[in-house]
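Chains here go by letter, A, B, C, D, E and F, matching the order in which they are written, and residues are numbered from 1 within each.
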Amino acid sequence: MIPSALLQQAVDRALGEDLHAGDVTSEALLGEDVQCVARALAKQPLVACGSEVFARVFYTVDPTLRVEEFVADGQQVPPGTALYCVEGSARSVLAGERTALNFVQRLAGIATLTRRFVERLPAETKARIVDTRKTTPGLRAFERYAVRSGGARNHRDSLGAGVLIKDNHIAAVGGLTAAIQRARGVAPHSHRIEVEVESLAAVDEALAAGADIIMLDNFEPAELGLAIEKISGRALVEVSGGVTLDRVESLARAGVDVISVGALTHSAAAADISLDLELLGS
Amino acid sequence: MIPSALLQQAVDRALGEDLHAGDVTSEALLGEDVQCVARALAKQPLVACGSEVFARVFYTVDPTLRVEEFVADGQQVPPGTALYCVEGSARSVLAGERTALNFVQRLAGIATLTRRFVERLPAETKARIVDTRKTTPGLRAFERYAVRSGGARNHRDSLGAGVLIKDNHIAAVGGLTAAIQRARGVAPHSHRIEVEVESLAAVDEALAAGADIIMLDNFEPAELGLAIEKISGRALVEVSGGVTLDRVESLARAGVDVISVGALTHSAAAADISLDLELLGS
Amino acid sequence: MIPSALLQQAVDRALGEDLHAGDVTSEALLGEDVQCVARALAKQPLVACGSEVFARVFYTVDPTLRVEEFVADGQQVPPGTALYCVEGSARSVLAGERTALNFVQRLAGIATLTRRFVERLPAETKARIVDTRKTTPGLRAFERYAVRSGGARNHRDSLGAGVLIKDNHIAAVGGLTAAIQRARGVAPHSHRIEVEVESLAAVDEALAAGADIIMLDNFEPAELGLAIEKISGRALVEVSGGVTLDRVESLARAGVDVISVGALTHSAAAADISLDLELLGS
Amino acid sequence: MIPSALLQQAVDRALGEDLHAGDVTSEALLGEDVQCVARALAKQPLVACGSEVFARVFYTVDPTLRVEEFVADGQQVPPGTALYCVEGSARSVLAGERTALNFVQRLAGIATLTRRFVERLPAETKARIVDTRKTTPGLRAFERYAVRSGGARNHRDSLGAGVLIKDNHIAAVGGLTAAIQRARGVAPHSHRIEVEVESLAAVDEALAAGADIIMLDNFEPAELGLAIEKISGRALVEVSGGVTLDRVESLARAGVDVISVGALTHSAAAADISLDLELLGS
Amino acid sequence: MIPSALLQQAVDRALGEDLHAGDVTSEALLGEDVQCVARALAKQPLVACGSEVFARVFYTVDPTLRVEEFVADGQQVPPGTALYCVEGSARSVLAGERTALNFVQRLAGIATLTRRFVERLPAETKARIVDTRKTTPGLRAFERYAVRSGGARNHRDSLGAGVLIKDNHIAAVGGLTAAIQRARGVAPHSHRIEVEVESLAAVDEALAAGADIIMLDNFEPAELGLAIEKISGRALVEVSGGVTLDRVESLARAGVDVISVGALTHSAAAADISLDLELLGS
Amino acid sequence: MIPSALLQQAVDRALGEDLHAGDVTSEALLGEDVQCVARALAKQPLVACGSEVFARVFYTVDPTLRVEEFVADGQQVPPGTALYCVEGSARSVLAGERTALNFVQRLAGIATLTRRFVERLPAETKARIVDTRKTTPGLRAFERYAVRSGGARNHRDSLGAGVLIKDNHIAAVGGLTAAIQRARGVAPHSHRIEVEVESLAAVDEALAAGADIIMLDNFEPAELGLAIEKISGRALVEVSGGVTLDRVESLARAGVDVISVGALTHSAAAADISLDLELLGS
């Protein structure tokens, strides 16, 4: 899923935040040899995500811990389900507890919200849900993975991984057609050329200029229908901005190809997951 | 606010995620000398937060940009308010746009949610709202700052910055009194000793053992009242776990000192802020 | 060009290699106040590249140095041309000399070799030269920039920034059509789907399955012509592998769209650039 | 060979360049359980170098991969030789393929070019080939190792690891003798004092002042002979700058001790090595 | 003890300082297969500290080395005691020797000096020795651990982990009472409020304002007694600044709770420990 | 002095240790606009060292601070001397105070101790004092600089920057002569070959084999004299291990060239320096 070094760096950074001065309480109260088993439990219905980072947190704290995954990423589970288990030194488990949960609660939160969007897509439409670059600074690779675990797809990864021509680019170049042509002349040939338009006239111009993807910005439903009819498969149609759960179905039925939803990553609440710890004695 | 090196590292990391392969579109379409002015606008009522990181993102992308702050961190503003302004090379502004917004939308989101909790505290009570360690991995210092901007206070920063004795610690030591004594004998003298209790009997024992802070876990309202009466100022009273906006007032009126709310950081939705960019020509 | 933090990290790393123990000779022999002016001179015909990193090296060693660019990146110059100039403390200039040259010699070397390939493209063809992922570990962003400075274009930046289906992928999925369909169902919609084929039959299948780009692997000239005729604009045609200067013209005339050349980055010799230093006294 | 942390950092950095957004193609098309065996094959005669970094790349991508070395660093092999082998998850092998090859192609390229220079040294002379500080930014330790694998020796590692007095130093101090004396009075006693001279008179002065190494800069062959005769063992003689393969033998026969060659690291073409992958099924 | 990532980073950094250019001598003179066993010996009476970092250094150099701990951290041993043992490749052991010793000599030096202070505390007093923030830049977590190994306790970890009000703070706020109140209104409730005072009058004011800890700055012995009498358990009493071994007993007997000693970390001499290496042949 | 990136990284790391959670006290009690001037005062006779790092700490905390150096590195001053001055926001000055002092107290401590050793060298001898690799992990470049500020010289910087043949190397190779020859055949020609010997016979062998530096290990005074007589200038003579202030003069008079002293860096007590802060109002 996530490149190993990225994973390790994020885990090191997060553990550093919580443990730079050790764990005063556990070091005072728990003998080094006290053992435990701890289970991460879903406290709400959720889509699991993050088993790899959960394990990495604990292995980083203490390589002698043993972590087990019960629920694979992307699986929907009811409340009460045991997701993962970690066993070994109680001191070590408590040292990693908060950090591990902070990761998986966030990732499962994103996967769970994503799944709710995906489930609104009527089966007979071709529409797909995609994320945006509105991710948490420092966690983009993790959050994009959570979106995939939720069943949606990713948009471009970064400003260098796709061409998206907006109004200011068009204004600077002096016209939509010129912008598309110039971008095609410079961008990697593996990138499609996407252009954001605000009117039906612009849709016509984008099609004529050979845009690969047309993003319809703030189109009224009626106008949206007309735009999609004009395009009729000659370009992919993307709709973005303020997409709520309630609008998904009608957008999909209108023939939109791609529905991008910033909220998947910028506004998902953490999933409720707790770590249930049982001491085993020394 | 946030130590300069931490700030820079987080900004570098986030810009790296978005710009490691440059900005294909703007490099293709905007001449190097096209200038612009861009304003960050609140699109909803919000508590501003993050002006320093907003500026740092743009200064890192291009030291010749000029950033201005119109609204100080912690100030509540209506929709439509211009929060910050950045002026200079349009390429540079577009290169930093998403990263800067990802930071301030998250921080303002936290500050705004925090303010809503704080506003529920009746003026005549002594209760305060505090955050928890349930922060986004890698952004703890930022999120704690946002909580303060929202008007609440911080809990301990890390496992090393405070003693919090929980059931497993007590079980391992063999009793609440022993746990408090042992912790006091080891922890820095600048730390208060906090203990989590689940019964009135445990409140008595904690008081007798000299706990500085007693965290009441899952007490029914009636029992909560009895516990606070027993304690009557001999220790600080903290309530944690599942605190919703609706419960704040009654908890405060019951005499609780500290109400800790994980949702401030783990479940705040991003505040809606956009960057309005106007080209100035070259 | 290159994100500021990437630039700084590469410069810090390179200076660390050369200066971790200071500069024994200059610290022994040059007073702190000895001033100099030094010019970077092309000792061969070359395409300049790297003025920004040249400056950053010296500014990092000593922020009081003054650097001037005489020749913009991408410009072709004859031997003897002064490219850049740095002025200030002689100790500081000598401390940065080797590191600055190591960067610009490599980048100008790549830009110069790239230009030679680009110049072989007949004006009346649509073919373009592109680079590959065969870059120096740790310097990919720099080398892709040098390729652009040389007048060519970039291929995908990383394994996540484009889909390229090869024989093993096809074998694993059980067929070229299935592979294209499955990739389209998963990859970001901003990516084109590219497939590598080894026979005319595979070209047919790729076209039928809707491949966006077809990479022709080891096709004989005659076969290549047939393949391009079959494709006739329905997909982009890429040729890769062992492309020498001599083959560029015929490939372009055959109607190839994209000619990718690993040698641009993995085998360019350093351009000969030296730093001519003149002491100014204290 | 190379300190473990340096090795890991370079590998992490390189993998980050290629994998920060995952491998879209393989994740789409290869099941997690598809296994493979892949052999790194020499496609030209070469001196192998880099088995340790080859293995580290794959172990970093996926610790369950198994890597085997067939050819030790420094060994000369004919085309077609299998150098290394990696076995395990096909996804993981493809994720690391390009990065691993980018390292070993560069290192083998340097070792191979170095060997060609070394082979030109007549057996009966004492001359040795050494590298310079003209290395790729960020890869100095790797490239110095490749030079040793090729059979040559290293020059000083950094500006702090040796004294080399050049014309500007001499000008600043006011004379060659003064420069040597002052350097000797400051530098670590474990360093030899080397001085670059441009005339026979300067050779005399350097000898009189007790230089340990004399670098002859741009001496005509006749003059070179006279200089070496003057020196006759009282100092080591180094020749640097523009040394081509053709000049090695005559320099060695003239009695030069050290021939330093920047091209070893700044202009070696990558050795042609490819990874031959065979799927094993799941 | 010390978070794993912090430990690894410090070890990587230190090894980088010593090994960035390899170990010229051992690579020249020791075959790769020469084995050895080496024992770390105490050459003076000391309190051992640092077995974990000792092991980590060698495992980082070469994961095939085997390290054994004979003496646990915090144990007092006579000269001649074997503390640790490392066995395996002689090249690897020599590569890590100096770095490993640099760590444990420093840590044992701090633990040993700390123990001397702790032993001066009369058993029947409640006084404890604590450290300060006067630690070596970059090694705070290590040095705090060494202090605990020596038998003393830690003061606050950082400026964010405790409130300590000094004269300038009081002056800025306009009075000691106001300062304490304001600090209490802002600081995390888990922190005690400490105030530094310089007169008996200030002691009175601090007590009245509810200070949790009172630091007596430069009190004469007689005055100190009066101050402690006034306080009589209503706040903790700390004495800091220029505390020598000779003063410990009288301070403890005077009823001081906390004696903080900067010298523990800023002026401990390294403990004398050497590595005794025995070659085993190949 | 110290490469800029190394300096910045060490400062960032140290500030991170002290400020990761901000400065609770000053943020609570000092308005953002309170200004101050603060002077770093020598509280003992000392050799100043570290003005650059002192400034960098404060500039990193807050680029608007103004720092002035009154006493250059390497200058000896009496108690009471103002060394440096920093002016600006009181919050910022207090935030950097401890970190800045931790650096300069350590560096001045080393420079001061070094000066004491250097002053013991009789003027008419050629002996010099040098440091060792027994430095604080992570601060080697700083401490070597402090040693130079104190008037001594540096030994080799790392295991790669010099050849030092010890008993184990000799044993592994099978003899001192063979060891010297083999080392000379592999090491960079800019390195001198140093060998540690334990007997007069070994001195003879070392001389015959052409050792450049002979380190006399544990020679009795009489034997030492004999050894130096034998060597009589054909190699440099180094003495190392347990050199106290009292032994310096006799070693120098005996004719030793180099006296290396580990205590300079591993056991120097911090110099007593405090920051005297005066509030200026807002």
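Worth pointing out:
Heads up, the rule we're going with is that a contact is a pair of C-beta atoms (placed from the backbone, for glycine too) under 8 Å apart; a residue touches a chain by one contact, two chains touch by 3 or more.
From a predicted model like this one, the values you see are computed outputs, not experimental measurements.
With centres defined by CA atoms alone, the chain at the far end from chain D is B.
More than half of the contact pairs of A-C, counted by residue number, reappear in one of A-E, E-F or B-E; that pair is B-E. Here chain A and chain B face each other with the same set of residues for the most part; over half of the interface numbers are shared between them. Remark: chain A and chain D have CA centroids separated by 43 Å (rounded to whole angstrom).
Our note on geometry: chain B versus chain D, Cα centroid distance of 51 Å, whole angstroms. Between chain C and chain D, the centres computed from C-alpha atoms are 22 Å apart. Chain E has residues 11, 17, 19-22, 141, 157-158, 160-164, 186-188, 191 in contact with two or more other chains.
Against chain D, the residues of chain C that register as touching in their complex are 10-11, 13-14, 17-31, 34, 36, 90, 94-95, 98-99, 101-103, 105-106, 109, 133-141, 158-166, 168-169, 171-173, 179, 182-183, 185-188, 191, 262-263, 266-267, 269-270, 277, 279.
Listed in rising order, the residues of chain E touching chain A in the complex are 1-6, 9, 141, 144-145, 157-158, 161.
Note for the complex: chain A touches chain E at residues 11-12, 15-16, 19-22, 60-62. Residue ranges on chain D touching chain F, taken from their complex, read 128, 130, 153-157, 160-164, 186-192, 194, 212-213, 236, 238, 257-258.
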